[in-house]
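Please go over the structures that come below.
What follows is a pair of complexes built around subunit A, which joins subunit B in one and subunit C in the other.
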Partner chain A sequence: MAELFAAGDDVRTTRVDPSHHCRLPRYARGAVGTVLELQGSYRLADDSARGIPAEPEPVYTVRFQAQELFGSGNHVVTVDIWESHLAPAKGTSDER
Partner chain B sequence: MSDDHHGSAAAIAAHVRHVEALLEERGLVDPTELDRALVAFLARSSPAGGARVVARAWSDNAFRERLLDDANAALPEMGMSMGGGLQEQRLNVVANTDTAHNVVVCTLCSCYPIALLGPSPTWYKSEAYRSRVVRDPRGVLLEFGFEPDPDVEITVWDASAESRYMVLPRRPTGTDGLDEKHLAELVTRNGLLGVAAV
Partner chain C sequence: MSRINDVGGMQGFPPIEHELDEPPFHADWEAHVFALNRALLGQGVYNLDEFRDAIERMPPEEYLASSYYEKWFHAVTTLLVEKGICSATEIHGG
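What follows is the complex of A and B.
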């Protein structure tokens, strides 16, 4: 399937907080990062873990500055994130 | 721990036992076959596998580049794979340099390159490591007795999805005369995860 994002794109993670299993770690929700690499296509475990049929979708490695995630720190954190949990960042100075 | 995707492990284990019993009952699986497969899988998988790969990368620059570019394609050159009899997982090897250091974690549970490194150490699965290393890697590394230079950029790789990660440590100085076998002996599991230098 066609990927929505490519390496170098700025993306914003969703701010979902479902009661069910969610593969977007809490610390990485509602944050802006940069796509590093496509990892392949996999079924979204949020759905498959609940018995909901899920088609494979792109999973990307997204690179975040610690400052963006935690408000401090000068390191980098990367997270592999399913496309369902990502949107274009449209500039990084949006409200947070 | 609602985020833990091993939360219903007991239910899944019961399910698996049930399926296993049915397969044996119908003669589709020999009762000892699964045990044999598991023992064989674990016998092939230990940190020594990762250490061999690192030693090759230190000794052969072309292999190093192939490994960093596409680890799954490079591993078979050494008779290894990320399959281990199961579905092959994608492996990303991330290289330490004099300006960049890499650390591996799975914040959601304990995803780990078992096919290459064997079962993960207990601390890797601890909530303390998983929750703290993404926020304060230098603080956690210091507890391992490791203090990267302040100018080195640290990247923490959260392997909580489908891909697995391994660190390619820097080759220690003063090892120019060593062959691959002896180089491999220098590589530690902690070094392959980025919580120690080699």
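What follows is the complex of A and C.
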């Protein structure tokens, strides 16, 4: 399937807070980072954990500045994130 | 609504200890749990995401007090009951 994002794109993670299984860690929700690379396509874990059929979708490695996630720190943090949990960083912000 | 597994960015936990020449398993039962889980995944009894979910659904106090393979054992037995493969009585009855 066509990918919405490419390496170098700035993305914002969604602010989902579900009670079910979710691979987007709490500390990385609603944060802005940069796509490093595409990791391939996988079924959304949120769905397959609940037995919900899902088509594979792109998963990206996204790099965040520690400052963005924790308010301080000079290191970077990389997280693999499903496309469902990402939106373009520019333009209309999501639930924020 | 995050669950007890989602501790990234939290303080209060001790540093991770790196054991020198760490063996794959610290007891035979751990190897059995590992093999059982691989077999059940391979047979399609449940998928990897359901397995992770079952670990995350552990009561927080039990999760924090459990070792790595104790969490695996909890998830395997939870899913065997939920999938109707075993009854809770069969599992806990020994």
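Annotations for the structure displayed:
Keep in mind that, in the parts below, the second predicted complex is superposed on the first by the 90 of 96 C-alpha atoms of A that agree within 3 Å, B and C clash if a C-alpha of one lies under 4 Å from a C-alpha of the other, contacts with A are read in each partner's own complex, and residues count from 1 in each chain.
In this text, contacts are C-beta pairs under 8 Å (C-beta built on N, C-alpha and C of every residue); 3 or more make two chains touch, one makes a residue touch a chain.
All figures in this text were calculated on a predicted structure; none of them were measured in a lab.
Superposition of the two structures on subunit A shows subunit C clashing with subunit B.
When the shared chain is aligned, no partner comes close enough to touch A:Pro88: not subunit B, not subunit C.
When both complexes are overlaid on chain A, the residue A:Asp80 reaches subunit B alone and has no touch with subunit C.
Using the contact criterion defined above for the overlaid structures, shared-chain residue A:Gly40 touches subunit B, although it does not reach subunit C. By the touch criterion stated above, A:Phe70 is placed in contact with subunit B and with subunit C alike.
Of the two partner chains placed around the shared chain by superposition, subunit C is the only one that A:Ser48 touches, whereas subunit B remains out of contact. In the superposition on chain A, contact is made by A:Val59 with subunit B only, not with subunit C. Contacts of A:His21 after superposition on the shared chain: both subunit B and subunit C are touched. When the two complexes are overlaid, the chain among subunit B and subunit C that reaches more residues of subunit A is B. Across the superposed pair, subunit B and subunit C both touch subunit A at residues 19, 21, 25-28, 45, 49, 69-70.
Only residues 17-21, 25-28, 43, 45, 48-51, 69-70 of subunit A touch subunit C when the two sit together in their complex. The part of subunit A that touches subunit B in the complex is made up of residues 19, 21-23, 25-28, 39-40, 42, 45, 49, 59, 61, 63, 66, 69-70, 73-82. Listed in rising order, the residues of subunit C touching subunit A in the complex are 1-2, 6, 8-9, 47, 49-50, 52-53, 56.
In the complex of the two chains, the subunit B residues touching subunit A come out as 2-3, 5, 7, 90, 92, 107-108, 134-138, 153-163.
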